[in-house]
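What follows is chain A paired twice: with chain B in the first complex and chain C in the second.
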Partner chain A sequence: MHLMVEMIRSSILSATPVLLAGLGGAYTFHANVFNIAMEGMMLIGAFTAVAGSYFSGSWIMGVLSGIAGGLVAALIFAIFVVSLKTDEFVTGTALNMLALGGTTYSLRQLFHVKGAFMSHAIQSMPRWNIPLISRIPHLGPILSGHPFIVYASILLAFVVEWHIFGTRYGLRLRAVGEDARAVDSVGVSSDRIKAQAIIASGVLCGLAGAYLSLGYVTLFSENMSNGRGWIALAVIILTRGRPMGLLLMSLVFGLFDGLGLSLQGTIIPPQFTQMVPYIATIVALYFYSREKRSARGGKETPTT
Partner chain B sequence: MQDQFIKMDSITKIYPPDTLALDKVDLEIQEGEIHSIIGENGAGKSTLMKVFYGMAPPSGGEIHFRGRKAKFATPREAVASGIGMVHQEFMLIPSYTVYENVILGAEPAGRFGTLRHADTKPKVEELVDTYGLNIDINSRIGDISVGAQQKVEILKLLYRDVDVLIMDEPTAALTPQEAGELFARLRGLNKVGKTIIFISHKLDEVLELSDRITVMRKGRRVVTVDNRGLDKAELARAMVGRDVVFSIEKAPASLGEIVFEARGLRYVDENGVIRLEGVSFDVRRGEIVGIAGVEGNGQYELVQLVTGLLSAQSGRVFIGGHDVTGEDVMARRKLMCYVPQDRKVSGSAQNMSLVDNAIMTHHRLNPEIEDRCEALLSSGRCRAFTSRLVEDFGVLVPELDAPISSLSGGNQQKVVVGREFMLDTDFILLDQPTRGLDVGSIEYVQEEVVRRRDAGAGCLLISADLDELFSLSDRILVMSRGRVVAELRPEATTREEIGEYMLGAKDAQEDWRAREEVGK
Partner chain C sequence: MKNRIVSFALALLAILSLTLGTSLAAPPRYKVAYLINGALGDLSFYDSGQEGIDRIKKELNAETRTIECNYDPVAYPQALQSVVAWGADVIFVVSYGFEDLLMQYADMYPEKKWINLDTVVQNKKNTITNVDFIEEEGAFMAGVVAGLVTTDTSIPGVNRDKVIGAVCGEDDPIMRGFLFGYEQGAKHIDKDVELKTIFAGTWDDPVRGKQAAKQLYSQKVDIIFQIAALTGSGVLEAAKEEGKYAIGVDSNQNGLQPGHVVTSMLKHMGQSIYRVYGTILDGKYKPGMVLEYGLREGGVGLAIDSHTKEILPAKSLQRVIDIENKVKSGVIKVERYRG
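Presenting the complex of A and B:
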């Protein structure tokens, strides 16, 4: 029983960064911007969050600088893709490489360490103990005692769902994704909406990065995003950018990520245990999108 | 200063590298007038309007609006100044509903930008009713016909409270009745002081509606005249530079064997609405069979059943004596040529070059453009083939490698029609083949259809244009509520009679629309 609780608890923890990045990527998905830079935005966010927290001694500053890191990366992406009309794929790849190289280099220059940087001076996010719930046996440890961003991101999934499908901005955003010229023709700048979508994805990926380095663990290590941005991208594409689908699928990822961890130390080689969450996500996505497709009869459901 | 309302001063537009679309055009539009612009395909009408609306930056010249210098860099500024436009190539979001398309850009929103439909939905419904547009505002753009999309494009403009209405071929896909209702409303708007700029190839409409008429040719303004005592032939001559024949001469049909047959077609769409019921008719070699009907009475579904894009619940389709009911599109295309109503989506691939668009279907069927090795296409032959098409059909093109989207609307249509006519088949299916063509080109296409008929091809023609049906068809079938309700000979019937058959459907539309239970 204790093991079960521990697993579910850890699955929520490891689902959060995928969910956050995925929610950000939902914006670019609907604006039809092929955003492969999420991995890089997340990594940069993780680094700037640690740096911010270390130098200021405050976790709030850490989170803010994590967001700022993602934001700057998104601005670069937006300038190239929206204003200069460069190829999204090439720009995104370049940004990812810049993020990996840049954070590794800065790690050595700024903190004079290789591989990973740990310090007591890094302030991590506080954990929230929810008063009554934390005392319920089994359920308490699952629901309570997480960094606050965990709760915020679940709430955010509902907010993003409403924002993309229930607001004026959302209507325009999805229209831009389908035919940008048509949106321009009614007097709404499609470029501006695209840029806003990219910035939203940068902010949320930066937050995901900050969570990784200040919430999930309290350290920065090279390439610590470790493919989560890519998993988020796959989840977005196959759930067609639906925030509720993202919520579900990132929990699946988290569950198997936890399972993979608990299989470590058994006879299964670690390389294989590390593959578990990724394989499971792909399989789950297959069933999820097949289900969706047959439910819709090959078409999208009306949104009004 | 009334005549300073809109003033365009030597507007020049060069599309790179060297297409001179507008050559120092001066144009004045007065407040509260209905001003028509006519001209051949590629004359620059749409370009001039796009420049004014901020969709295409001019290469030179000045625009004054309400006495002040205006340079609309984007449509946003034009919209803010009270200008609205119906675009010739529709600006619609395919997966959105009619309603969502109408409100896009002028959405009713409450706190935090939450959409509020409570007031606007009835308002849009009401607009549909008062303008007699007969469309369901909850259907998706991707599922409705071009005629219905045309109405949505108009509806978008009517929903916004604008002072200047630019309408670029708003009636190209409407039936005469629908156009008539639209004009009545436009006059009403004009009475309350709205200025209307109207572009059309239908000279009767232009004469009926306008206060003044501007004729353009090859990127220049030829003349602007008051609409007093003008006649159609005169206008056509000013446009094309020669006399135009408005009604085609044709010999009586000499009928051959049956080349197309529909037997008992029944189609029920995914919402359970019966779209076609018991449709049976045939087309013989050497005749042109026209189909008349108010938009949305099954013509669209019929065409899709014939081409194989939809499959019928029951009934069979025969082309050239073969039962093609279960066959795929390709198998059918070997037996027929087909001009779709929608040149932008089904008729062409907008981003691909003219050559690529010209050889579509031919690349699978026509040995003429193959390389010595059969699996390859010879690019030299493809180009030669395209040049021939361009020449025969008088397509105005910048260069063969330009994307087809850089051609004017009418010229794109010529490419599609030309491509299909160059497939030498015995059965020809034409769905609004002259949509958006100028009078000179219509004459050419219609003559070509008759030529093919006389050479022994059988032709099925669906058209919203009754004049076209009367002048081309040997027999006219009238469709209503998914059935063929009448078969008439053009020399033995009148427009009024056909209209009655068509409209008989209109009254019964309500109960037809009420969903019918099927499959029980």
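Presenting the complex of A and C:
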């Protein structure tokens, strides 16, 4: 396979977890919940997915347990943030630490290994070979042969776009983000919508985790989310929670992620190429912000 | 947070050992600490060291403690302090990232036996003994295997281009030493072999390791040497998926993806720890030494087993063994990497 083909192919693969978590985070973004717990939810999802797949021998159970893992993490977050009104930032940080420590501990207790758990008993997600397209040279390997979640997540971007911006529920969700009291005053519980948004983000982050541990690779290793939840948070803020923008930006991120690795064959030192995805994020942020300011007449400071 | 838990646990252990300890006193019962900058569970380097520690505990009546720092610089001084507070007699330490601190502590406590593993650290009072693995020799043998694989198109999946790869963790002098030896080994087989390297920039991201490996395989690479701890488990997976080959590192990883991991380059941390501890017991130990453990000393080597024989033709395997013997006897000299 040609390097260029491999790079575009891998950019789609590495964009998927960021996109999935980002779509989940879009709900909380619009409900004005500062959700920094995505990293932890993803990590828990990755762990429970591997555990589910290993013990049941079925990848479907694995994916469902991944979602369940994310869901449980989200419920904890929702109880604290929505019912008990604790600080989102503190709760999110705590949840992330709990996720890292908890999965590491469970890995040792459940599988009696440290570091990474690999086993042939873990069933990975099947890959979809799309008939006809898979035979086109170059384009075939880019578009075909991915785990089904890759296709599902692209489809999901459109669904979430419609859900948030095209339905009555989406309108209420965004209204909660604008002014929760106004929503309460017309008899709709803003707390309920906030909790639902958090749960949606948990489900999608859990799915992102399951994709990491059963789709991209077939193993669990400590801290395997490795910052992807944070990247998703950055992408959400960058695109103001627009799912179409999320789709585009996560692909751009995926491409730069791969580019960072392949540029190493040149004279550029590896320490520099490792910064490429993050520099690209900052540059994108700059252009986005500049565009935003000129559209508003350059006076307003951006609000988050 | 983790540090606090560790130090709390240590405090508890210290109290326990005070109350319970020394009741089973038998001939020289030294307190031996194994202090590592990283964490156990890498299935390779650190775990191999732990095997040695477990062995001296079981066979040589040592009392042992392991302290993991999880690559957290804040934990380094605490870890050193707690080792001293515990009253360790012998300290095996992987000090990558806190060499200066180690020198200070060794100067402060010159009566303790400090054994620094994998790098060379010399303090003012020259009390630190160093175990310096000649990784170039081990990597040379890995390169020999890689060279034999990439030039042999009768092995399924091997293309005509003589290109080999390596996926490393972060860029540091030890990695450079590995690559230097690896390339020499491959060129020993065929001068035209080309090496392509990717630094993943992380030791614990198998997703990234897989991504890097797939990029290399797409550039006509037949076999990849993974020198990247947990990141490397993704490399082994990519080898299986692409129907190509990989070489493991630090512990025998041949069975992790059977039929695709040709061999593994081992750093025998455990054996080296056992060996050094033996010199302490029989009184041959001298502080301030630099012990260079290469192929001949059994500090490094290749894991050759049934998985290797499944992939590598007998003729090639014989050649690997011949070359290994020549390196051991000094007929072939492997050049060492100098910064």
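In the analysis below, the second predicted complex is superposed on the first by the 273 of 304 C-alpha atoms of A that agree within 3 Å, B and C clash if a C-alpha of one lies under 4 Å from a C-alpha of the other, contacts with A are read in each partner's own complex, and residues count from 1 in each chain.
The working rule: a contact is a pair of C-beta atoms (placed from the backbone, for glycine too) under 8 Å apart; a residue touches a chain by one contact, two chains touch by 3 or more.
Computed from a prediction, not measured in an experiment: that's the story for all the values here.
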Fit or clash - chain C, chain B, common chain A: fit
Which superposed partner A:119 touches (first chain B, second chain C, both, neither): neither
Partner chain(s) touched by A:262 [first = chain B, second = chain C, both, neither]: second
Vertex chain A, arms to chain B and chain C (CA centres, degrees, nearest 10): 140
First (chain B), second (chain C), both or neither touched by A:188: first
First, second, both or neither for A:166, with chain B first and chain C second: first
Partner chain in contact with A:58 - chain B first, chain C second, else both or neither: neither
Per-residue touch tally on chain A - higher for chain B or for chain C: C
First (chain B), second (chain C), both or neither touched by A:218: second
Chain B versus chain C as contact partner of A:129, first or second or both or neither: neither
Smallest separation in angstrom, by C-alpha atoms, between chain B and chain C in the superposition: 35
Residues of chain C that touch chain A when the two form their complex: 1-2, 39-43, 47, 171, 196-202, 204-208, 210-212, 214-215, 217-219, 230, 233-234, 237, 256
Chain A residues within the chain C interface of the complex: 1-3, 5-7, 10, 13-14, 97, 101, 113-116, 118, 212, 216-219, 221-224, 226, 257-258, 261-262, 264-265, 269-271, 274
Chain B residues within the chain A interface of the complex: 55, 74-76, 78-80, 85, 87, 91-97, 99-100, 103-107, 109, 112-115, 117, 138, 140, 156, 270
List of chain A residues in touch with chain B within their complex: 162, 166-169, 171-172, 174-175, 178-179, 181-189, 297, 300, 302-304
